[in-house]
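Take a look at this one; I'll ask things after.
Order of writing sets the labels: A, B and C. Residues in every chain begin at 1.
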Amino acid sequence: MTDDPPIGADFDEHGEVAERNLRILEAILFASADPLSPAEIAPHLGEGADIPVLLEQLARRYAGRGVNLVRRGDRWAFRTADDLSFLLRREEKESRQLSRSALETLAIIAYHQPATRAEVEEVRGVASGGGTFDILMQTGWVRMRGRRRTPGRPVTYGTTEAFLDHFGLESLADLPGLEELRGSGLLSSRLPPAFQVPLPFDGPLRDDEDPLDPDDRGESDPVE
Amino acid sequence: MSDTSQDWFATPDAPRDDEILYVDVDGYEGPLDLLLDLARRQKVDLGKISVLALAEQYLGFIETIREKRIEIAADYLVMAAWLAYLKSRLMVPQAPSDDEPTGEMMAALLQFRLKRLEAMRKAAMQLVNRPRLGRDVFARGQPEPVLVERRNLWEASLYDLLKAYASGRERGIPQDYHLFERTVWSLQEAREILARLIGDSMDWVPLDAYLDQYLTNPEQRKTAMASSFASSLELARQGQIELRQTLTFGPLFMRRRQGDGKNN
Amino acid sequence: MTDDPPIGADFDEHGEVAERNLRILEAILFASADPLSPAEIAPHLGEGADIPVLLEQLARRYAGRGVNLVRRGDRWAFRTADDLSFLLRREEKESRQLSRSALETLAIIAYHQPATRAEVEEVRGVASGGGTFDILMQTGWVRMRGRRRTPGRPVTYGTTEAFLDHFGLESLADLPGLEELRGSGLLSSRLPPAFQVPLPFDGPLRDDEDPLDPDDRGESDPVE
């Protein structure tokens, strides 16, 4: 293959028009969300353009390339070349969105850490399903820090290095405070005077935190 | 284009009443926007405008608004105070010992700010008229699921996170909470207003004396003075500005601290 | 794998490997709607593939076509050609239309970045409604970068790669009128521009955006 596909033959007196039509055809097929029929393409090209010929010509140009112009019924579309299909993603690798409640729980853990599950629920005003914490642990962004030295010895949660890394934070101190959340419009300016945003803490264990035993899996959690 | 010879000291044309009445403060995004519009009406290059005429027109406009007893935002009043001071500096000859800013310097500063704002508006228009993705230029319409290593399977942006936090916290605020109508300048507000006013002024400005003129409501005057003063002390403590008072009960001068901040 | 990259001549002894890499590169970039970084592409190519050279070569092949390979910050993507916009133009989505003040704020952030909210407000001469920053962050064009090392430690804002992609800029250096603005001193925040006029900067944190000391988790605002 060469840098210039064999278009030399196209440059007869109509070559320039044909070349222009090929560029338009290429752009339209590239940008379209669906395969296109010649009838759908026609309005975009100049009068009298021979669309089937142009399509064949474009398909020839892309033959042997990483992407091919293929025909599906009477419609046309660009597709990754068959022999490169190993590049196509396998099912299980799909990226996933965190649910709203998971995102909110994560944010509260980040700001209020070290925080127990009960404390997170108190801030949220609703009970978190056990599944939420499981998912957050799966993301690798949340960890169990220790156990609070209070009745019931609840597990305290905090964020991880991977959390900082994913969200592009140098440190937890980079999380915006009350004034900035307000200034950027995320918090409304009509807040009670007592409203505060805590300073997150991810240092070593606090006085009221005990370390986890190596085999402690956080058994107070109803969901394993 | 006849008045290109005007300089800062030129006698301003008296602002025409009809011109002023067309100006609706609601249509402006702040005092600088209003000034820029007034300057544009002089129909000369921003470098050649008569700053004195501009100050007169602005002050005349604020006067009209106040006569109609229309509420006007603090930003406009603070700008009026600054322009009143500018006007006095332009009209009164400079004493040699005087280390207050010269009228020319203040006028140049104002021109700079107007030019900068206009330049940013032009830039915004150029930006918005570029070939834009999804409008003029397009990405692949049928992206194929090619395996691309992402750093994480889970997708969430910092913005999503902060948004979730803020909305979660706001939901927890009792609904029956009523904010009392605030007629005071909070310390935070006063601080921000001062910062916008003297932001890039490197020279002493006697703010309080002029601010006083434009706050007619005694209640508002008190709160503005108290908050501005307290805020100026706070800004001074933080090393952002310097304060000076030459005689007891004399005007309080303030300026940005020399060499602060960015190079530090 | 080869050390020397004699790719210019496609049909020498290394031509076949280079051609295969080009096909894979083409397929991956064609398939993705979002710009991709060399690091994201690398795992799919043979060991030792010179990705920057391959990207340049692919970009040359597509120059002048209906679809071009363009650079957006550190990433690359196929996009329809600029000059065909009159044929392809679609109405802007309502949600994408910015108010005048949002647009002005966006421009100030773009040309003055990193910029704090107070600096944006100083240029505009008016307090920005918090909603403006919120909207700009929602578009994905503006992000919080870090904190400025000055009293109050304000958050600094900058633009994203999505900003470059949306406005068709290879880098911030392509911002319209940038040189002229710089020459006239209008990008400096002081008068007169005594020292070097700053250029907009979207790289990693700057000297004056130092990360916080580990023990400094100061709330932004001592005045409360």
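Here, contacts are C-beta pairs under 8 Å (C-beta built on N, C-alpha and C of every residue); 3 or more make two chains touch, one makes a residue touch a chain.
Source: prediction; values computed, not measured.
Enquirer: Determine which of the two chain pairs, B-C or A-B, is joined by the larger number of C-beta pairs in contact.
Expert: If we tally the C-beta pairs in contact for B-C and A-B, the bigger total goes to B-C.
Enquirer: Would you mind checking which chain's mean C-alpha position lies nearest the centre of all protein C-alpha atoms?
Expert: Ranked by how close its C-alpha centre lies to the overall one, first comes C.
Enquirer: What is the chain whose Cα centre is as far as it gets from that of chain B?
Expert: A
Enquirer: From the mean C-alpha coordinate of chain A to that of chain C, what's the distance rounded to whole Å?
Expert: About 18 Å, centre to centre.
Enquirer: Would you kindly tell me how far, in whole Å, the mean C-alpha position of chain C lies from that of chain B?
Expert: The mean C-alpha positions of chain B and chain C differ by 29 Å.
Enquirer: Just how far, in Å, is the C-alpha centre of chain B from the one of chain A?
Expert: Result: the chain centres lie 39 Å from each other.
Enquirer: Would you give the residues of chain C that are in contact with at least 2 other chains, written as numbers and ranges?
Expert: Where chain C meets two or more other chains at a single residue, that happens at 27-28, 30-31, 44, 78, 80-81, 88, 137, 143-144, 221.
Enquirer: Among the residues of chain B, pick out those that touch two or more other chains and give their numbers.
Expert: Counting only residues that touch two or more other chains, chain B contributes 138-140, 144-148, 150, 157-158, 188.
Enquirer: Where on chain A is chain B touching in the complex?
Expert: These residues of chain A touch chain B: 27, 30-34, 77-80, 87-90, 93-98, 100, 103-104, 106-108, 110-111, 123-125, 139-141, 162, 165-169, 175-176, 179, 181, 186-188, 190-192, 195, 197.
Enquirer: Of all residues in chain B, which touch chain C in the complex?
Expert: 29-33, 35, 75, 79, 108-109, 112-113, 115-117, 119-124, 126-128, 130-140, 143-150, 157-159, 187-188, 191-193, 195-196, 199-200, 202, 231, 234, 238-240, 260-264
Enquirer: Show me the residue ranges of chain C that touch chain A in the complex, using the header's touch definition.
Expert: 10, 19, 22-28, 30-31, 44, 60-61, 65-67, 78, 80-81, 84, 87-88, 117, 129-135, 137, 143-144, 146-147, 154-155, 205, 211-212, 214, 216-221
Enquirer: Sort out for me which residues of chain A touch chain C in the complex.
Expert: Interface residues on chain A, with respect to chain C: 1-3, 22-28, 30-31, 44, 65-67, 78, 80-81, 84, 87, 168, 170-174, 176-180, 182-189, 199-201, 203.
Enquirer: Inside the complex, what are the residues of chain B that reach chain A?
Expert: The touching residues are 138-142, 144-148, 150-158, 160-174, 177, 179, 188.
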